Amino acid sequence: MPEILFKVDLNKPFIEQDLVGHNRWHPDIPAVASVNPGSVFRIECKDWTDGQIENNDSPDDVRDVDLSMVHVLSGPIWVNGAEPGDILVVDLLDVGTLPDYEWGFTGIFARENGGGFLTEHFPTAQKAIWDIQGIYTRSRHIPDVRFAGIPHPGLIGCAPSTELLAQWNKREADLVATNPNRIPPLANLPNPKNAILGSLKGAEYDRVAQEAARTVPPREHGGNCDIKNLSKGSRIYFPVYVEGAKLSMGDIHFSQGDGEITFCGAIEMAGYLDLHVDLIKGGVAKYGLTNPIFKPGPVEPRYSEYLVFEGISVDEFSGEQYYLDAHVAYRRACLNAIEYFKKFGYTGEQIYLLLGSAPVEGRISGIVDIPNACCTIAIPTAIFERNVLPS
Amino acid sequence: MPEILFKVDLNKPFIEQDLVGHNRWHPDIPAVASVNPGSVFRIECKDWTDGQIENNDSPDDVRDVDLSMVHVLSGPIWVNGAEPGDILVVDLLDVGTLPDYEWGFTGIFARENGGGFLTEHFPTAQKAIWDIQGIYTRSRHIPDVRFAGIPHPGLIGCAPSTELLAQWNKREADLVATNPNRIPPLANLPNPKNAILGSLKGAEYDRVAQEAARTVPPREHGGNCDIKNLSKGSRIYFPVYVEGAKLSMGDIHFSQGDGEITFCGAIEMAGYLDLHVDLIKGGVAKYGLTNPIFKPGPVEPRYSEYLVFEGISVDEFSGEQYYLDAHVAYRRACLNAIEYFKKFGYTGEQIYLLLGSAPVEGRISGIVDIPNACCTIAIPTAIFERNVLPS
Amino acid sequence: MPEILFKVDLNKPFIEQDLVGHNRWHPDIPAVASVNPGSVFRIECKDWTDGQIENNDSPDDVRDVDLSMVHVLSGPIWVNGAEPGDILVVDLLDVGTLPDYEWGFTGIFARENGGGFLTEHFPTAQKAIWDIQGIYTRSRHIPDVRFAGIPHPGLIGCAPSTELLAQWNKREADLVATNPNRIPPLANLPNPKNAILGSLKGAEYDRVAQEAARTVPPREHGGNCDIKNLSKGSRIYFPVYVEGAKLSMGDIHFSQGDGEITFCGAIEMAGYLDLHVDLIKGGVAKYGLTNPIFKPGPVEPRYSEYLVFEGISVDEFSGEQYYLDAHVAYRRACLNAIEYFKKFGYTGEQIYLLLGSAPVEGRISGIVDIPNACCTIAIPTAIFERNVLPS
Amino acid sequence: MPEILFKVDLNKPFIEQDLVGHNRWHPDIPAVASVNPGSVFRIECKDWTDGQIENNDSPDDVRDVDLSMVHVLSGPIWVNGAEPGDILVVDLLDVGTLPDYEWGFTGIFARENGGGFLTEHFPTAQKAIWDIQGIYTRSRHIPDVRFAGIPHPGLIGCAPSTELLAQWNKREADLVATNPNRIPPLANLPNPKNAILGSLKGAEYDRVAQEAARTVPPREHGGNCDIKNLSKGSRIYFPVYVEGAKLSMGDIHFSQGDGEITFCGAIEMAGYLDLHVDLIKGGVAKYGLTNPIFKPGPVEPRYSEYLVFEGISVDEFSGEQYYLDAHVAYRRACLNAIEYFKKFGYTGEQIYLLLGSAPVEGRISGIVDIPNACCTIAIPTAIFERNVLPS
């Protein structure tokens, strides 16, 4: 087992851990540990909500979740020799559960508190608990379903530079300003409430808490990309923006569907990541990187039979035609899938939860055939223990 | 070889073929042939432009293409016993080239005539010709690239009912009305110019030409979905809207990337489709179908190594933050890929053409992490004969 | 379509074709055509028996097959510039059926005339006819089975040198001499009866007919390897033994299981091969080649669910223990599979025919754990339209 | 983490563990624990040699290994309700390393002490140590190689009945009697020396030690099958021969090539297995089982590019022709691969060690084309960090 650089005690709040991580992005959050290029080490992570969701049958904790506390991240890790403009090469050697916590959760957030991709259709909080048994999972809340996990960190990336952070804050504030009272909001702007900023204290804490970006969206540095294929064996190339790179991570998922449509949508869990890091000096300019790039690993669960649902960019309520809108098209594809599986005895909520958590493929199939985008969602039939093909 | 129900002569215009197909959607276009459920038959198709693009090195034909003529479709095929509300089950038994026409083309449409996904970046017409050699293709216009095809009909579907057609026309007209002078237009409304409507003549032709929908967008019936995975061996479940189903098809692609981003983006070719058809009586209600669903076949080219590029929904020119806009996020992912491969000696146009035509995977990875959608484009490294990994 | 270098008329015997191929191996059989390195061309082939087996329900033709006539090969093709010690690089660009002959056959040879892997269990001639529909096949003789083909030439290779031929003849004669009256024989020695030797005539024909090796076994040059994975898109590296390489091929299979256990075991058919050839000068010494090596192509049918049967090297009749005998172990694995599927309503003969023709994987799993070899046969469950899992 | 039913302390000999397992097969070895059908539990295992091989650079420990001590097995586990004739369904939920022992070894046994598949070519003891880093491994003894593991128990199965054991002992004794002084021996007969039999003591120990079968060969119950595909997520169906089933297991491999050709050939390690067990009452007769059958899991490492070597059944020293001998053919295929990779700077021993431990596919490609069997070994090129293709 590699050396554990960041250890968590699942029985304690994030703020009371021996090493305190962070739940905001800012270049001035101090590193908690340093490593050399070529090192292998383990990072443990709490689930993204800091333990707010429990292994029971009530969705009340999902309904009442305090989202000002997310995402609790382990790090930053300082990589010796890393400088702005370098590429930090991260090999995800392994992703796993922590002993005695072999379960995860998927939630539908209430429309008033977080919402989700289909919040107009499913506005009420709901929850599924998943039992993890080795490579497999099943949920007592969604019968006759079992599948292998594709474990990955939902969130991983290097700290932004001061300039990049300013750019994030400006563009997100501009967006919110277009409709400041919207529920759910258009973006989550910096919010000192419940900000955790590692070892920062006093005035420095106050300053950084005012400036630090929320962790919800993916951005240029990667961050909360929620890409299910960043699984075991992946190699990721991250742009470095600050000295030491300051790599942080969390939001581990046992599995997820493309889009993570329920928002709290993957199978969220605590867990560990085993990493190997290296540097490509000056790599950002050499390879023209704006965002991270990556090579998926060789042990993703593979399926040979899929059932695929199409969706087009026409609103399901009004019938309004949208222009090449992949968001609407993917929503329609998801809704089409939900409608189909309801014919096999599932509730809409169960399939919504399933599409967020099982390894479904969400594709932009056609994005130029004006005015309709065509998106597809491909569902491996082997995740069902029932026959779900038309006959 | 199965019986050829629809034969084409590639040396004659579409309108002069023995059987004349159509290039618009309308329930009243007469069927050209009928089959029983359980039948196996072959349909030949011209390329979608009716031969406007030639196997040479000049993009002038792409620049000057007359889009009022597209897509030339083979059909409609009447399926005996098919009634509205049935599912038409179509097995794509094979897709192939026609003798002596073993090549295809990928075009970038000029901004003024069609445009494409990245038209702001690549406003000028461009063309790549692909030589097809068995399962493989390569282009003299994009060096050191070779890959196996994933042949499929870009366009296939049953005729709409009168009601469905009216719905299409209304919603698309409403969209165009929001910005009627836009170039390219927001949608292509019914246009009698160059309409081909099978054997219709006289007043009936005139009426239908006024009403018939253009074939560009995918819609509820499927149509121009441009889904690369509708390849050999797929089984598709189509909703039936009119008696006899009236199945039509065309726009055969030797290969395509998800999104078909150059618009004329796949490797466009003439070719044939071998089909088996069957019916599920009353299947639309039984399975809750709004759009077609399908099962991909078992012989898609498979790759184990991909390089994946991420994109987020921030405008590349203005830096403006969009709200969960998968269209923008996928555009950024594509642009990131283009920038990367330019470092390996390709021009931007070459990679744009390649992303439209090679079997790249375009995914909606995250669609809930406000305000950024995260899309990814995964490119199999084996399509390059150069080493294209970072080092 | 590439130029056809070797055309066959399926209505004429092999000996009456415009170009006459051969059914023996000898360096002095004259080439029928020549090509340059870099060329792409098509070779048509009759089925390996020269049309002795018909598309009907009687196995009498299999029982009475004249094996002195096999395998009818198309070639030799002279590759300009090829010299002994070079590697001939052959790309199998495509493999397909000929128009109007879209069917194939699998036979169990009678013990007295050919036999097969399980001839002690199934001594009587039997036959299955397969209908080919695009990428798929099914047989009216084996219900509820459908699968995608993995088309390949069972037999392909360059002509042996005089020295290599002499070596083959000697070692095979030595083997036969150990039990000259065995039925079936231990090997098929040179036999002038029905020898076809291209354009050779008179005394030269007589001499070569006496010396030429039979085509049944695979040997150092490749030849009748019956490797199902030499399918579309493969690249093969052949040792060259004579000037011009003299490449020949035939015995096309629409599909086959590892081991081709029924001997006439694949789905045997007439068809065509599209090839690209090139040379690596001096490659045999450079890469230490004794036999051909190859890279399989990317479009083999892929399955994610297999049912796997184990076998060990203990004789099924006597209970005798063999020493690390993979032949016996694989036989037991096949017999175990047959016994299993008989519980699902199939006859033993049906499954024997199926294991010879469907894309089953035959593996040497353990070959060192004295005294038992362990072989496995892995059967994709998706080839059955029945549920064949234990429950 | 599931309950650990069998715990090992890697710092203590097998015989001094809290629970003592066994290294022989006999129905009368007492169970160490019992479980109900439906249970999930963890079993820890020492490496098969009980720690005789160390993480250093000297092959002396491999040369001097005491094979009378192998294989040290964890169990037997009593499954409540299991009776002879039932099928024991075992799900391999997970396979992993133990903390602080993340390494494994591959050995070439000396000809005088164990030998191996190529012992005539490589008669001297040799060793490679593998470092395990998450899903990957690399060895300081074989440069420029890295691959993902396919972890599995080399040995797992239920206790034989008294009758089955007698049958094993008789047939193996008969074989040894044909050449009793052979080195290595034709089989390992019962040998009380170093026999470990769980809690048995006194006269009962003495009786069982005289009768108990060695664990080396795979047999009807499964046992030491060394099937690399019995990896994470597999479901195995075992015949039950005695009341309680008495399931035992060990010989965990981090990875292995088909055939495990170096004998000590996989990447041998200590580790754990997470299992779920269930019963199919009367399943042996219902499904006609003679040996175990299994369904591989969905997370095996997958590769799309292989280099494949062929071998035929002709002796490499004498040139003697063997009759359909898959053992000889596979040996030739392996030797061909070794010869090839020596051209890339490796020693023969390095490649021999690699073929035993990397996930290479060993296939019986043709087993009927008299007199030559054709076997192939397919090597994923991605395991090399060098380019190993011909050019």
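Which chain is which? They are A, B, C and D, in the order written, and residues in each are numbered from 1.
Throughout what follows, contacts are C-beta pairs under 8 Å (C-beta built on N, C-alpha and C of every residue); 3 or more make two chains touch, one makes a residue touch a chain.
This one's a predicted model, so the numbers in the text were calculated from it and none came from an experiment.
With B-C and A-C as the two chain pairs, more C-beta contacts join B-C. Centroid to centroid, with C-alpha atoms defining each point, chain B and chain C lie 40 Å apart.
One simple way to say how far apart two chains are is to compare their mean CA positions; for chain C and chain D this gives 32 Å. We define each chain's centre as the mean of its Cα atoms; on that basis chain A and chain C are separated by 51 Å.
In chain B, the residues touching two or more other chains are 298, 302-305, 382.
If touching chains are joined by edges, the resulting network of the protein chains shown connects every chain directly with every other. Across the complex, chain A meets chain B through its residues 87, 89, 116-117, 167, 171-172, 174-175, 184-188, 216-220, 222, 224-229, 237, 258-263, 265, 280, 283, 286-296, 298, 304-312, 314, 319-327, 330, 332-333, 336, 339-340, 342-343, 361-376, 378, 389-391.
For chain A in complex with chain D, the residues that touch the partner chain are 1-2, 40, 91-94, 99-100, 102, 133-136, 148, 232-233, 274, 276, 297-303, 382.
Listed in rising order, the residues of chain C touching chain A in the complex are 302-305, 382.
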